[in-house]
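Consider the two complexes below, in which subunit A is the common component and subunit B and subunit C are the respective partners.
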Partner chain A sequence: MLTLLLGALTLSAIYALVGFAWVLLRRTNGILNLATGAQLAIGAFIFNQFATSWQLPWPVVVLGTLATVAALGGVTHWVVFKKLSGQPEFALVVATLGLASALKGVSSLIWGTEARVMREPVPSQVVTFGDQATTTLYGLCGLGAAVLVFAAAHTFFKFSTVGIRMRAAAENPVLSAQGGIAVDWVYVLGWAMALTVAAIAGIMYAYQTALSFHGVEALGMRGLAPALIGGLTSVRGVIPGALIVGLAETFGTKVFGGSFQDVAAWIVILVVLLIRPQGLFGDKQVQRV
Partner chain B sequence: MNGPLLEVRSLTVSYGGDSVAVDGVDLVVREGEVCLVLGANGAGKTSLLRGIGGFASSEPGRVRGGRVTFAGADVTGLSPRAMARRGLVLVPEEAKVFASLTVDENLRAVPMSGGRAARRALVDEVTAMFPFIAERLSLPAGQLSGGERQLLGIARSLLLKPRLLMVDEASLGLSPIAVEMVFDMLRSVVASWGTTLLVVEQNVRAAQSISDNAYVLETGSVVLSGPAGDVLGSERVRQTYLGLEM
Partner chain C sequence: MTTVRTLFNTATTMSEGGRGQALRRIAILALVCVLPLALRDYQLSLVTTALIAALGALALTLVTGFVGLVTAGNSALLALGAYGAAIGAVQLELPFLVVLVGSVLVGAVVGLLAGLPALRVSGIYLAIATLALHFILIFVFNEYQTRAVGSAGFFLPTASIGGLLIDNAIKWYAVLVVVVLATWRLVENLKRSKFGRAWMLIRDTPLAAASQGISLPAYKLAAFVVSSAIISMSGTFLAYFQQAVYIENFTLELAIQYIAMVIIGGMGSSGGAIAGACFVVLLPPMLSRAIALLPSDAVVAGFLQQNLGDFQLIIYGTLVVVFLVWRPDGLAGLGQRVAALRLPSRKGAR
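On to the complex of A and B.
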């Protein structure tokens, strides 16, 4: 039982990271990014390229992945979404769908489609708490990563000038521009940060399962559930959202069998949309006539 | 620089389609002057200021024709950010502050120029002009009163050290006392900084005391302009604007 709870907790940590990527982009750049899943996978594959294919030292792997992923984020804004500014969100969402399939194509061209095992910095092992509760080392790493990311994000958005400007631009881009803020760079940063966190989530998940584009992408799409529970624009709301989805998926799989893993999050999404479309923490501005 | 600080020639602004919101407006503002723009609802006052200050590419509004010269340089159609960096700063009609940010964060979000000491000094100078700011630093700006929000919007714009400050409806939705407070503030900005002002104002009474020149807009065109005293004293303005307020 305790093992199951620990499993739910470590899974929630991954979901929290994925949800963060969804929410950050929706809130800062105003885009519901349907390429989040593909970006999770691409991030993990880039990491794998540095770590496994090239066998580089770990600091180089980490820095190289971060730089590549952040640059990819910047390019995404300058090449695609800057041109689309002023279009309705619907058009932007369709563009993210196109982006997702482009990333998928690139990935299968470069890395093929079979699952891979990633080089590990330390051997994966089982960690035991007390008498019976067990989890994996990489599960705990994922939990640590989630705590770090949320703490760093909190500090960044609350105390740093750049973070404050990002929040300003998220609330009102036109007023920000009139106030001299470089809104395009805010969007670049939004993409870079979202892709970085997505990559962290993808890497952590790949270490706990295996690296396959399909598997990681599917997780990324399920990560819409925690984001939606939080209201899609509340970073804080992602945490309870991730816990709910993590618990539902873990215990649902226990009760209904392994195939429930793929549907638990989507059931949560449907239920949220039916009961509380604005999410638990979202603004109550969603109006349907 | 010999010419006026701001020179607008046959400016035309449209929001797509065939109709134009501003239709060939000429307007001149000299350095140190306070210029007032009047007009009924929908006359095109906001569109005029936005056309001068620039539209973001994400907005439907466009400058369709004409020329805007600021400090001797052609700035027609530049982005709002480029305008702000050149010292042409707009305090817009709606949403003058970031409601979800605290008062302090609203000020910190302004990308000021100059070194650390100079920035610090400017912040101190501006906050000293607006005493309520120091008492409300950690309050979300959305919870300020309407008048305080207008003032915070003006304070934010002052941190950019504007050469020309454009204020769209500073008295929007304010009580007479709050209107007076806002205009006292604008008056002291003009007096102590020598900032040039271009203001849109429905409240003619409040604005007339500080204005040097005035323009009256009707359906996108200037129908009357000249020294503020003459324009505000004219039969037309007295009937349409002052008459209603009696």
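On to the complex of A and C.
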């Protein structure tokens, strides 16, 4: 029982990270990014390229992945979404779908579709708490990463100038551009941060299971569930969202069998849409037009 | 050339009056009649596949083009029609037409159920609801298939209408031409009706639409239900045409392919949707032919041929983005540009 709860908690941590990526883009860039799954998978594969295929030292792996993923974010904004600014919202969503398809093709072309095992910095081991509660080292790593990311994001948005500018640009891009904020760079930063956090989630998930495009991409899409529970625009709301999805998935799988993992989050989404589409922490007034 | 141009133009030049329209109709009819004579069986069945896709693209034009909603549920609704056909034909042994009508009804009901919660709030939630619909329906059908027949999937009997078997390429082509033309007509008529005007107003200025007393949720839902019914129907056609149904066919990438048809064809143009469907369906075999023309010992040729599926994903995805950025009115808009260049007098008409 305790092991199950711990499993749900470590899974929730990963969901919190993915949900954070969804919310950040929705909030800062105003885009419902349906390419999150594909981008998350690409991030994990880039990490794998540095770590496993090239066998580089770990600092280089981390820095290289960070730089590549951030650059990808910048390219995404400058090449695609900058050109689409001013288009209706649905055009942006369709563009993310197109992006998802293209990225999947690129990834499958470069890395194939079969599952891989990533090089580990420390050998994976089982950690035991008390009498029977067990979890894995990498599960705890994921939990730590989530706590770290959320704490950092909190500090960043609350106290740093750049963070406050990002919030301003999200609130009202025209006014903040008038006030001297380089809105384009805010958007680039938004993409870079979202992609980085997504990549971290993908890497943590891949360490706990295996790295396959399909599996990691599906995780990225399911991360929409915690974001939706949080109201799509609330970073704080992602945490209870992630806990709900993590619990639903863990116990659903326990009761209905392993393949239930694929749909638990989606059922949660349908339920949320039915009873409270604005989520638990979203903006109070949902635009009904 | 004329026929191609007419295909592209039909949607937006209705104001031109009787003569142009009559000419266009004759041109389309001529094209429809000449194709089966000119093409071999394999090519004709490719055209038939394109026609089935055109049904789905027309339905999607309704939702994405007219109302401006994004749906990712196309592949799930196709699967709904296909598995409906599998259940109806294989398990219940119902005749083809009954199955077809059933799949239209089931499609409409599922569209209603999926659209109802999502469309109460802003349009973006339909994308979320249809994503959920996709993953849940695919899961259910996968479980059902595994339990009923195993991973190979269902094999369907030959379709027949009133004792007449539809068992070769020409018969299938004839049936689908009729269905596509009827659907095209339906979509065009809807576009010109009270519904179509309301939909386009909702797409362009939702606030104005609301203040005109148009109920946004009701109209959006109507569009989604009609389009779901048509897509489900095209899924049934696909199942009977291929005589096989298996889950691997119905991926999220397939849903994106349908969106690509609409975007490439030109949002809001039903003629463009048909052109887009033909483009998307016929691109892989044409690419394959083009690659075969390369010298066979070239490394490039082998590499391209092996990874054709990946290139397809990349091409469709890129085209969606490129068209959105560069020409949101798609091929239909391009066709008009070309037409305007050739007939300067038309420039004023737009």
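Descriptive notes on the structure:
Criterion: the second predicted complex is superposed on the first by the 286 of 289 C-alpha atoms of A that agree within 3 Å, B and C clash if a C-alpha of one lies under 4 Å from a C-alpha of the other, contacts with A are read in each partner's own complex, and residues count from 1 in each chain.
In this section, a residue touches a chain if its C-beta (ideal position, glycine included) is under 8 Å from a C-beta of that chain, and two chains touch if they have at least 3 such contacts.
Only a predicted model underlies this, so the values are computations on that prediction, with no experimental measurement involved.
In the superposition on chain A, no contact is made by A:66 with either subunit B or subunit C.
By the touch criterion defined above, A:186 reaches neither subunit B nor subunit C.
In the superposed model, A:99 lies in contact with subunit C only, and not with subunit B.
Looking at the shared chain after the overlay, A:167 reaches subunit B, while subunit C stays out of its contact range.
In the superposition on chain A, A:13 contacts neither subunit B nor subunit C. The wider contact with subunit A, measured as residues touched, comes from C rather than the other of subunit B and subunit C.
Contacts of A:238 after superposition on the shared chain: neither subunit B nor subunit C is touched. Residues of subunit A that lie in the contact sets of both subunit B and subunit C are absent, per the superposition on chain A. On the subunit A side of its complex with subunit C, the touching residues are 32, 34, 80, 83-84, 87-91, 93-95, 97-106, 108-109, 221, 224, 228, 259, 262-263, 266-267, 269-270, 273-274, 277-278, 286-289.
Within the complex formed with subunit B, the subunit A residues making contact are 85-86, 161, 164-165, 167-168, 171-183.
For subunit B in complex with subunit A, the touching residues are 53, 56-60, 79-81, 83-85, 89-90, 92, 95-96, 98-101, 105-106, 108-111, 156-157, 160. Taken together, the subunit C residues at the contact with subunit A in this complex read 64, 68-70, 72, 117-118, 120-125, 127-129, 131-132, 135-136, 139, 142-143, 203, 206-207, 210, 216, 252-253, 256-257, 259-260, 263, 307, 309-321, 324-325, 328.
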